[in-house]
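In what follows, chain A forms one complex with chain B and a second complex with chain C.
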Partner chain A sequence: MSDKAPDMNKTTVSGNAPEASGTVSYNHDTGVRIFLQIGTCSIIAGILETAREIRSYIQIHQVRAEVYECGCMGMCSSDPVVDVEISGRAKISLQKLNANAVTDIFDSLLNHILPDNCFILGQYSSGYGLPWEGVPFIDDLPFFSLQHRVLLKDAGSLVPVSLQQYQQIGGFDGLRKALYTYSPAAVCDEITQSGLTGRGGGGYSTGAKLKTVLQHHSHKKFLICNADESDPGSFSGRLLIESKPFMLLEGITIAAYASGATEAIIYIRNQYQLAIERLREAIRILYQAHVLGDDIWDSGMHLNISIYESPGAYVCGEETALIENLEGNRGMPRPKPPYPATKGYLNMPTVVNNAETLCNLPLILLHGAEWFQSLGNSFNSGTKLFSVAGNTRVGGVVEVKMGTSIQQVIDATNESMFSGELKAIQLGGPSGGFVPASQFDTPLDYYHLKQMNLYLGSGSFTVLNKNNCIVDVCKYFMEFIENESCGKCIPCREGSQRMSEIFRRIVSRPDDSEEFATLLRFKGVMQLEHMAGVMTRTSLCGLGQNAPGVVLSALKHFRNEFEEHIFERVCSADVCRNLKMFRINPENCTGCGICAKRCPADAIAGSLKQVHYIVPERCIACGLCFDSCKFNAIIKN
Partner chain B sequence: MQRLISENNIRNSNDVLRLLQLLQIESGCISHQNISDISKYLGVPESKVYSLATFYNFFRFTPKGKYHIEVCNGTSCHVKTKHDLYAEVSRLTGLYRGQTSKDGMLSLEFVNCLGACAQGPVVKINETYYTRVDTQQLSEIISGLLKKSE
Partner chain C sequence: MQLVFYANNNRLTAKKGETILDSLKRHGVKIPTLCNLPELNPTGACRLCVVENDETGELMPACSSPVTEGLRIHTHSPEVLKCRQTIVDLLLTNHPDDCLYCDKNRSCELQSLAEELHIRERLFTGTKKKARTDRSSQGLVFDHSKCILCGRCVKICDQIVGVSALENVFRGKNTSVETVMSKGLYYSSCIQCGQCINVCPTGALREKSGIEKITEKIYSPSEKTSVVLSAASIASIGAVFGIKKFDEVLEMLVAALKETGFSKVLPDAFASDIYFSQLAEWVLQHHQNTSKKIILTDCPAVIQWIRQKHPHCVSLLTPLRAPLQIVARMLKNDVAEGRQTVVAVMPCIARKTEAMQVHNFSKGLPDVDFVVSTNELLRLLRTRGLYVPFPKRSLIEKPYNIYSAGSMLHEFNGGFSEALIKNLQVLKGKTIVDTRLNELRTNKNVKTLTVPLHDRDYNFVVLNGMQAINTYFETYAHDDTTDFIEMSACTGGCINGSSQLEIASPVMSKILLDFQGTGLLTHSVQNAIVKGMRMEQLLHRLTHINTQGDE
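Moving on to the complex of A and B:
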């Protein structure tokens, strides 16, 4: 049947046939080509100003140059990144390119002189042009060489809204294969066989989910793509959508074909304006190219895709809460069963899948289930994106095979000299947990993490070093849950409030007589464990069930930090400032009065040239006096 | 509001959330008058409209100030902040999260994530982003704003 597949190049905007499948082709002969890597991260870092500067430079100096607005390759800490290709030379990647550095850098680059080292990220080894001397190859940088990029392949060099470029790297071949050579049930089977599991954290087989919906008879079925990413600290899905919007749309179309859905909704966070803008443009192009709408490529399949901008609630990451939100209600989870696969949006069978899961589908269809299995280990197949941030040297999105060790991700984002200072990894955000440095050899897959009682969540990977206090991070996540709990079921609503209270008590200075206060604080920790157990067992949805995981893993691996806070009232990481006490050493104090002037709380008393005194009840422990004293007269404990 | 209702085909009680979203985008905040109007027009109890508007982070009940300060409270920004940026910005502006100053110049909001995790801590004032902010820098920025608003 494959001969029925139409040649899609005819329908694209401009008609240059690709020279070779698999890479994006440009004319390498003449002029200068500038590739701006535009993503939310780089916009925040100021790439729009840089771009304006570059365009005016080109105009003033009458450089024959083409400027492309590409996606972002995910090395967020180096933003703004701009790639430049001068005729005859290899493409070079410039990092941290601020607007005011543009003139100098282009002056030298256009004369074939390398600019200052701090601006150079590396060069591409694509085979065109003479390599620059002394410049490392991008593929050799640990950040890229230790990754296995499948989903993110070409993420920084594609123009996100160019259908033609997406087709040049094999885009829509997977859909074509699905539509013309497979039945919907066969697509489901292929996906089941590949071993793809939901990347949103649940880890449920995607193929099985699609098949349940397919087998359920109904006159209308829905597909919802969850691109909300309401976890604080995860941004991998956003980067994927911003850089390759067509990939998500192709995945959605394949999933819709496999499940029989005719209506797809992309549920996306309202803050992701750039992603929304690019998706809208991509959807418009696809309707034009007849890849969406009625009777796609004469195959008899219908699909409409719409975008819903979510008003923002963490609990809406839970599929039933998300559906409640779409129906116009408060986003509160429903009891399961019935599962959305049988009774979901508007009581119709509904597939709810994470954006990253759906992006895998085109590749599975194109390369086959066996290829996908070969990417992982024996427990999970495929790759997984991680949003690496926190106290790391390089922050950004890392894609590795399932089963890669945590250490390898750390090596990719840190130079080895930093590793010794690392304390733990916080995996999976509020529903995840901590992995201490001693267990960095743990393979990253659902099976091994589950054995450690950890959930991968949506793949946030926050690096904590010795300057971070575990108790403080726990308190942060508990307060987040306290804020975001929808309030439907009591264990989560009340449990998160009580647990936050206990944390607040642990990190604040006890004002009671000493023994009694310590007892209360100690009792708090005992209650923490008990409450965490109750919450895990009795909460209605995944949010409540997984929320105490952070606390439990912290108590398991970092009990000494809790004890230190309770008994010694010391935060060795120097974060919990309310535990700090300041007093003045009368021997060193000269009575200069600088500390009294700086004190925002008027807590320092004393007249000029007399020894000063800190009133403990007033002191807010901000530490300004400690920083301002020139005579080391302020003592901190 | 009438215009929004007629332009966007809002008909029944299922559209409350959509109307609230349109209003928030249009006017920057939801007023209590809006809530009673919606309730009357769509025949939904005021309590239901209010419960929807308070559930989602997107809606505000106070108008934004001329300078709208958003401090990122994402995980990455939190673990990268050495001193308590949130307490500091509250102290400097005299505002708590979600508040607007009386003269309407400053408003403060803590947001869950601004999306620049690798460059944190991040503070956004209107459309300008400040990355890798420390307390010293923050106090300079805010005292600059306070001077401008005088």
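Moving on to the complex of A and C:
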């Protein structure tokens, strides 16, 4: 290996040796620099319009400014976020910057006057320039201070498709180290030693998986990066790829080196167009820079990376269904064994790894296994991304060390605003389950969650408060499975249909005329636990096996809500609309007729100045009449 | 290498790589399954074959888990039974409750499974699949509401037959087995081989029945109704009811069917003689002009398959009409009898499509009016209160009662080649018993044979079943050394057709092969009636395909 010493000049695009790794360097003396944080979520929030407005502002006012299109830092509820650095002042971050506000804000900012408070997120404490008075430092915001950002470090300030910038923060140093100082088996051992486990939900040791494929003799091996993130409520992988595409590609290259794969496929869902666009550009740059293709850096390693846009079915996140789909078949899981590590894509040994897992590899190689182990607790090492959504004040992607308590993630995003009212969190989407507020001190790692029969899934973290009905959430996930099951195995396909039906019956309108229906409802509920058990034990793939987990954990922790729905026929969260009934109290009704006018279903009858009446059969329980009555004449339930 | 494992605490052995299901089957332990097909990759879709691992307590599918050394399993533990019952229960919830009206009543796998697992209470209730029936095809009916999505038909259509007419579409609760763009089987690539009917565990895929119309025709005073029985159907009935002699089964059926009201009952073996002797003569003529390959088959499924997939090979087919069609046109041309309806009892549904093709029409009407399967024949008798074995016997009418032993070869894969070789030898005046011909009667998928005939050595390739046909056409399509390719869609030939009562029964083949021929007539060309007909002008019209139909 010694004769192939790393040649710095050869490996960089520009030919410049990278600066001391850690920060991205800019010339801080001239003009204004504007950093647009562009990600899919900010595009939805309107950053493209804002960007257009900013560019025309710069042109009209002849401002000497540079505009950079950066990645997104993952504070999705504040989008669109734009960072501005005026020479001599600290970089300030503006939030919720819509196109209409651009002119006013830049007028004041360029004159060193702070704009309206609601647009200011914080300022960076990078040490350059004079800090703004009265503006909190970004790092002091609970959202950032309670996180431990390793993967997402610099996510908002890097230009995603700039290889130079990626190298400035230490990019491709891990790969260089792997290629020149380690053998493939040693890379596997290093990864095994680091304790990295698959972040897609399985929690299987990544090093062991790579080693299985490495030890398998075959003339061709494949590596598939699973970026088909299809859980409802999970978006961390998308953010990671959009903000740091090179990191994923470096991780893929390391994994390919470790497993002996010469062909890598990124299986990414077709809805992630921005991520695909940036990945394509990054791959093109890497081929140019000789980091991909034949004989990478003269190390004798070959790797080609291609992108496959997946049709976006939930079941295609399952590795064997994914492989079936790649082969051009209908995406249905195969029975295991044989496992993909021995017989996968085109019957060749195949590594299938989640994007987030692969992104960890460059860091492990660069900083060593001990460093990675120090990040987690004794059960799991490293960090984990969570997509925090639901009833929180701040939503977005949170990265914490393994073993951090649920409460800390809630503190980071909730900023102590509603924490008293929180009911539960839903972890892991359709294959996860609920954690009630009383157990918020549970450490977030695979071991402790497994104890509670929970799977992390791909890290969706939905916060539920007293305005969320658990039965309704269960119904949502069961209907999701009902529609997304591949339809191959009977327990999953038929079981999910019957379970959805039971939920639909629980939340259906009380109807005394049909006694049989009531009987069926009770019978169904009695079978719920039994059926969930059979589905878990006999389904073919992870989708069906984990799907009843939501229901089982809900029954365990929130049995009272089920009983309330079934016996009392009320929904205390006011979500299940069909359980609501409205009637008019004749004593209070003045016959003003406002409710009848507002009613969208023509369910209120009565002539002016006469007592009105709600026809129950027509009422859709929207509650508009209740809100509009000024005399408290409408009684709920 | 032998592996040792324990099922229900019994020490059993398994071969390396064998699945639990296969191994248990060898040891006589029955594990229920609805999706497994032997010799095809397991899909693991039905989950009924789960067995409990004693050590881990997990349930593993027996069909796709290989036996490992020292494995300990329980095949019928309470937990396993509970899961199986729940799965069958879930299927029944989404299945129409019309067993009494179903074609598959008493022969349905789902029904017998529910009975075996002793399901006596409806655990779940819910909405059922929408009733939707595809009747577009001439031979098949696809009742979607009865489909349990086991995937057997999809697998066999794709991997064995190789036409992929059926595929799973949509997801979740909307999953269903559909033809291309859900347009119906008639518009799909279906070749009517009927393999899917054989494997369907429920009444979802079944043959189209025409019994009601036939009953009407039998009682019509103005028309006479004749029925033609194929040799394979006769053998199938004989095998099931334990009558070992071909003539005896036939005479019994003649008596029973005459009782039903048919005016004429005859076997198609007579026409097979005509077919084979015409084939031999055509080959003699044909090979003087050209050295082109010849495809020996009258299987409508294979012919349809060639039309669809290899249209350039259509010219290699022989220009002869199938024996059934020959005899049907003879019946229709029998002026003395007046107008008559011809019903055929056939071993497969492809003949239903064949009867509707224009070259099998005379004066704008089909020669064969109805084609029913062996199964339907028994049903027809049952509805008339007649049961097999029927006590009476009747003789077959002239001239249809004379047929050679060679005519029976029509029902076997390899039989066309054997009949051709023997008939050519007889025509050339040298009858040599050639032991090499035994190769043609084996169960191999591809049989090859080189035989010296009148001027040189001829190469025969016999393809047994659609899988062999597909492989051959993919790999050896341009092989010019072959002179004759014989093909049949069903493995083993017409005797194992999709509508037979039993498949791959050795008794059935024995009945046909033991037949010595009327008056010990061995070869088709020796049949005196056929010899007598050879000079007739009519013969060409009967036996040769005229794409416009007969005038």
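FYI, the second predicted complex is superposed on the first by the 606 of 637 C-alpha atoms of A that agree within 3 Å, B and C clash if a C-alpha of one lies under 4 Å from a C-alpha of the other, contacts with A are read in each partner's own complex, and residues count from 1 in each chain.
Here is the rule we go by: a residue touches a chain if its C-beta (ideal position, glycine included) is under 8 Å from a C-beta of that chain, and two chains touch if they have at least 3 such contacts.
Note that the structure is a prediction, hence the values are computed from the model and not measured.
When chain B and chain C are set side by side, the one touching more residues of chain A is B. After overlaying the two complexes on the shared chain, residue contacts for A:48 are found with neither chain B nor chain C. Legend: residue contacts after superposition of the two complexes on their common chain; A:635 is shown touching neither chain B nor chain C. Look at A:330: by the touch rule set out above, it reaches both chain B and chain C.
When the two structures are aligned on the shared chain, A:429 is found in touch with chain B, with no touch to chain C. Contact with chain C, but none with chain B, is seen for A:530 once the two complexes are overlaid on the shared chain.
Of the two partner chains placed around the shared chain by superposition, chain C is the only one that A:482 touches, whereas chain B remains out of contact.
In the overlay built on the shared chain, the residue A:313 is in contact with chain B and with chain C. Shared-chain residue A:141: touches no atom of chain B or chain C.
By the touch criterion defined above, A:467 reaches chain B but does not reach chain C. 313, 330, 486 are the residues of chain A that lie in the contact sets of both chain B and chain C, per the superposition on chain A. Residues 14-18, 21, 51-52, 55-59, 73-76, 78-80, 82-84, 91, 111-120, 122, 129, 131 of chain B touch chain A in their complex.
If you check the complex, the residues on chain C that touch chain A are 42-48, 50, 58-59, 61, 63-66, 79, 82-83, 86-87, 90-91, 93-94, 123-127, 148-149, 151, 167-168, 170-175. Within the complex, the chain A residues that touch chain C are 313, 315, 330, 332, 334-337, 481-491, 493-498, 501, 520, 523-524, 527, 530-531, 534, 537-540. Listing the residues of chain A that touch chain B in their complex gives 40-41, 44-46, 76-77, 79, 230, 232-233, 235, 238, 270-272, 309, 311-314, 325, 327-331, 387-391, 394-396, 426, 429, 460, 462, 464, 467-468, 473, 476-477, 480, 486, 577, 600, 622-623.
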